[in-house]
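Below are two complexes that have chain A in common, paired first with chain B and then with chain C.
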Partner chain A sequence: MTVVDPLRVRRIVAALLLLAGFVIVLFRLFNLQVLQAGELTLKAERQHEKAITLQGGRGTIYDRRGKVLAINLEVPSVFGVPTSLEDPTPVARELGRVLHVRPDEIEKKLKQERSFVWIARKVDPEQGRRLQRRPLEGIGLVLEGRRYYPKGTLLSHVIGFAGMDGDGLEGIEHRYDSYLRGEKQMVVLQRDALGRSVFPKGFTEQGPSSGHSVTLTIDETIQYIAEKELEEAVAASRAKGGTIIVMEPRTGAVLAMALVPTFDPNSLGSLYADRWRNRAVTDVYEPGSTLKVLVAAAALEDKVMEPQTILFGERGSMTVANTVVHDHDPSGWMTFAQVLERSSNIGAVKTALALGPDRLSRVLRAFGFGERSEIDLPGEAAGLVRDSRSWGRRSLASIAMGQEIGVTAVQLATALSAVANGGWLMKPHVVAEIRDGKGKAVYQASPQVRRQPISEGTAQKLTRILEGAVSRGTGKSAAVSGYRVAGKTGTAQKVDPRTGTYSTTLFIGSFVGFVPAEDPRLCILVVIDEPQTEAWGGVVAAPVFRRVAEQVLPYLGVTSQAPVRVALAEGESIGVRRAGRAGP
Partner chain B sequence: MKILAAMAVMSLLLLYVGERVDVVRVGYHVERLKLKKVAFQREHDELRVTVSKLTSPERIERAATDRLGMVPARQGQVILVRLEPDAPSDRKPGRPEVRLASHGPREPGLRTP
Partner chain C sequence: MSRSGSDAGTLGLPWPTSASPAHQRMGPDASVLLVAMVLALLGLVMVFSASAVVAGNRFHDPLYFLKRQLAWLAFGFLLLHVASRLDYTVWRRMALPMVACSAMLLILVLVPSIGVAVKGARRWLRVGPLSVQPAEFVKLVVVVYLAAYLAKKEERVTEWIAGLLPPLIVSGLLGGLVLWQPDLGTAVVIGLVTMGLLFLGGARLRHLTGLVLSGLALLFALVRTSPYRWQRLMTFVDPWKDPTDAGFQMTQSFLAFGSGGLFGIGLGESKQKLFFLPEGHTDFMLALVGEELGLLGTAFVMVLFMILVFKGFQIAGRAREPFGRYLALGITLLLGLQVLINAGVVTGLLPTKGLTLPLMSYGGSSLLVSLVGIGILLSISRDRQGGRRAGGFASWVAAR
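And then the complex of A and B:
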């Protein structure tokens, strides 16, 4: 009989148990690592990895001198956890002091039976820092992206604004949205047990590119001067609104585009369409006598008139197609140059009748009326120029006086710039260049000629006539001491929306001109809408032209050609700075 | 020989584990630096906004008039001088041709140069 060693049996049993254990572990390992490998890997990745969409910051908008006009900022938003507050009153009082919000409004929010409430979204960074320095019970901060316009109302109609989701909705923000918008990028992050980001998968994260930066042709200082003078003029004349465009005649670059009333793009909630629409490009108006410049250009170009051609002023009253045309300043015989100096309706009507519909229409269209100027701003209107085949004598007479034709402010400024530019019509533009996130230029604006509606000789003759309109005619208030100014006043009756006829109380007073006449650096259009004190363009708009030009010309370093004596006090000396340094 | 091979394998394993730990440590460091960068970038953007606000012509004009008591220059008080580079040789070198942007009223007690 074999005696079984109990110790040996126990060893074998232990070995078998261990073996069975190993087999189970191996089987489990095989099951996990091989049979379920694919499914479990996916589960693990879902836990360890997090895919997020990163949005690059929206590009910055600068003026021509590099001043920031619009920028993206990460700003704090303040939230509350009402359920964690025992007494919301002192917290609301302190918050109200920091955020400049009524404490009772905050308290009302904090008394709600909710675990989360927004107290204030996208507040000033300094307010956020104050709250960080003195944390309040039940109050937290979270960062959110916000488009910020540090200049407030300045240039708001041109810049436009972006919405809460970062989409450009108006102005440059809308027109150049595809450039300004930051790149979107999916990134997979690896997370640790606490959910913290460890490292992007694959070590290849570069981050999404931010949007391109856009530099405008607008000069902040010139824009400020234009807006300030326009606001004062609109207030003084109790007008409904106004527009000023300052343009470089040689290039078509817009240096300023001011509109009143204005708005603050930082306060999106208070905006409404009528206020933020850029009326300089979207609204069409009858230009009145300022259009006589273009009628005269057509007559001079087609040799229908010469500056010294004599016309009879009919002593201030003439009947055309059963309509009586009046002159505010009745004249007898006068030269064609004096027709513009005195802004004679009768002289202009006779000129248009002598030209005929075809020739007048051809030149007006060549100056860009009835088509978009192609300025790089959204919502541009084409204006209204009817088919010349439908123009009778009455229509010709009306158009000669700037009625029965609709133009935009940009069209008129561009057309006058063509006269200043030797007859060459340039494409107006507000964007000078676009650079990508690394600073590489992707677009640079260069002056673009559209066509030449009149010859250089005609432009020179017209310029001399327009100088007379300022030095001797209706535009005397536009004269700038030390400079030669060429320009034309306009006073247009508006159509009364109630009666559908020309109003006797609603007017548009305007002045358009360029300076210095011999070497134009600026073309300025001033439009005052529905002034209540005086209607005449020579009274309400021409002085605004002068005040803007007086400030902008020295700023650009433009010197007068005429030497003048300088008066000095005894012992006084002149500090000399190099002219042109301030200029671009 | 077997022991040496086992040690080599162990060393390789330890090296691999060590490197993985290092990668994770560097990953945390990179994340911290990225947060710092974001904070600096935010501060930089805020400072640009501050500069933009402080240099606005409206603020400068208000400060000049309200705080410093300055007034806008009257006609004749600002004179732009055109330097003529091709002036005749009989003139003293560097002497500028004085041209005026705007006229000022002639006042008693003033002399004309």
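And then the complex of A and C:
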């Protein structure tokens, strides 16, 4: 069969034609990428130099009532086109006079062999107006956004701040940067008839579009109250600093998050860089006695203890695993409820020992300790809860007193909110809503349940005990007249960084509670770091709780629920007993 | 040993030593699959590199395009697998219904309330959350139809009225509808593939020359009557003349290739993609490959496509049935021509046409069609002619 199939010949012809096409393309690629590479690279570089990036205005940040917390101001920036200038010296002199910059520095910039150079960015609007009135050759103006925080130091740790190039560096500004940041637009400067670089026609009217606006769950008024009270308390106790978190127990929405010392995001000095950190989410501390609330929650949930269970207080001193545990206020026989009221270390230690490591650690972890709360703020710490397999009796005793465990303020406030709302651990959040440039909502926060660490019954029992801790126990000064308050004090020794042991002079005094106890609207955590006058949480932190609650409750229109207490001399105990009967 | 007499192939052993040829199943051509996968994955990487910044700005999600392309790729490989397992002769029976179906879709896409218009062209149909481009599928349908026609009427193709006219009418109709969108690039591909297949099917050169000449005349008329096409053509003649407007893409593509050089400036490092090459993840992907991976990258891509084309012709030559042969040829032509046109456009050898780089560019419809085409090729490759069935040393010895 030597007859050539004509169709086969055609196939070969077609294949060769196609392959020839590929060879041509390969030659062309070789030509472009090797032979012309140098010339084309040069052209590309020149072009990239002529391209500048402009950013649309950053979105506004509002509080939950629509009050502005961060806003963009349009301010002029000055640029020069050195290649179109014949003699930069007089121009530099004139510019220096208007901008209050040394002329020789400007001249140096204008003498570069470049077609675009920034001379001064985000200058005073008045300076911009003067330049606009008397335009200089080779000098142009363009509007750029500068961030302004009208409330100054208020809420600075949560809002954070944005840098010169409009990128969020801390706080909400950082976490929600991709929403807040305006559209980035690259502009290639074009040449006009005189060969000068200019912005494309119609550019200044259009510009890049601005970013989304963010509405926080924070209420500016509550934030103001919290910050004011915290500052006063920190000053009065000559403390190093302090934190207040006000949370809505049912939703996990943060109403206020105050930190002292503060900073002003409008005038940042690099000197105070460690002040920018939002310590309520980034820093871990040992909670001290406030953790007893959650040890008690574990005991009640697992039916290891009931409020009426009788424990022996060892008259104020007990040895556990070769260490002596003391009570501040020695007791004999007491009920489990009184353990929390008196903040008895011995009672708490006995409870933890009765629970054992597995059950205690399970409930603590269920309350969110040792994991991030996933609050929408950057840099959150997970806290420190060691593996329960390594908990000996000594560790159990320590944890019962809130030592050997590291928590963040947000974790503790969220856990107490769960006690307040009937056992639901919510996801804490500070952003309520995000709207795009046209006002359309692109995100709306809704309450999110993470899990239910304790039953509603346990939460109710615990609430009643915590009410006792405020009405009869260590937290008396947190009581708000006319409202039922549930809460717990805490006084933790800090670890002295020099010796690595518990310090006898450095303390953290704290109080965490919620109000009104029968229908909690606020969960408030007050932490005072290293108070110098008094260490006790019941003395330094509990009164701050009261002062904040006293002002915020009427502001929110929460009405008083316990008029009996005002009317009767023995009102407190009547009120509590009546509430006890209402339970299961 | 009573059975040994009846079994001629048994060498006195208690089991048969000759297997029946009918039971020998050939595996699909693995090299075609491998090349297609490498191209598709490289395309995925380049889609991400090209689109991350744009997607981050526009959708607050740098992975926006990557995720979608990945989903289409997964679906595409599933279809490829199915098509490669399917007996390819089913396509012959489906040829005419598919022609009718695509004509309908092409008409639907022109209806203003149904077709989605982007930049003045109605090319997309929205199906729930997905956008599909019927014109992409039409290319494959034309190939299937022509293969079926040529296989059946192989003898008559030398005639004019009875042989050439029917396929020309079908191709012309579908191509005309595509042109209406307007999508000149795809219409040209359809025309070229039709010519190519008719040539391979044995049409008279005299007839074909006439057709090509009248096609060129039509093309010129189309370009001359449309200002933007004419401008594109003029831009092609001298792209540097007006580098701020029509020649912009062209010159930007050159700059990308040039600054890539031999080894490229590094994956993800492209400066052109930020602003100058907005189509870096679709039509101008090769330019981006050139910038980031250099001549090494572009040559690698081109050589892979060459292997694909070569393998396609090989599979066609070995196909047992005429239908399989023409189908393989058509798919190979389709892929090869589109790659050549796309590469020609981005390197400035051809005037600007909106055509994707098969297997690599972002776009679900284009990707699906390419992958299904490869799947059909694989299916044809499984069904090879007798003598060349088994490769390797053993068969070579056996043939001596």
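We take it that the second predicted complex is superposed on the first by the 413 of 584 C-alpha atoms of A that agree within 3 Å, B and C clash if a C-alpha of one lies under 4 Å from a C-alpha of the other, contacts with A are read in each partner's own complex, and residues count from 1 in each chain.
In the analysis below, a residue touches a chain if its C-beta (ideal position, glycine included) is under 8 Å from a C-beta of that chain, and two chains touch if they have at least 3 such contacts.
From a predicted model like this one, the values you see are computed outputs, not experimental measurements.
Once the two complexes are overlaid on the shared chain, A:273 sits clear of chain B and of chain C alike. When the two structures are aligned on the shared chain, A:324 is found in touch with neither chain B nor chain C.
Comparing chain B with chain C, more residues of chain A are touched by B.
Of the two partner chains placed by superposition, only chain C is touched by A:184; chain B is not. By the touch criterion defined above, A:29 reaches chain C but does not reach chain B.
Judged by the touch definition given at the top, the superposed model places A:68 against chain B, while chain C stays out of reach.
With both structures placed on the common chain, the touch criterion links A:4 to neither chain B nor chain C. The contact surfaces that chain B and chain C form on chain A in the two complexes overlap at residues 190. Considering their complex, residues 67-69, 71-74, 125, 143, 148, 150-151, 154, 190, 192, 196-199, 220-221, 224-225, 228, 480-483, 550, 553-554, 557-570, 574, 576-579 of chain A touch chain B.
Chain B meets chain A in the complex at residues 23-24, 26-28, 30-31, 38, 42, 45-46, 48-49, 51-53, 55-58, 75-76, 78-83, 96-104, 106-107, 109-113. Listing the residues of chain A that touch chain C in their complex gives 6-8, 10-11, 14-15, 18-19, 21-22, 24-26, 28-30, 32-34, 36-41, 43-45, 47-48, 51, 178-179, 183-184, 186, 188, 190.
Remark: chain C residues 56-57, 60, 196, 199-202, 244, 254-262, 271-272, 274-276, 290, 294-295, 298-299, 302, 305-306, 309-310, 313, 316-317, 329, 333, 336-337, 339-340, 343-344, 347-349 touch chain A in the complex.
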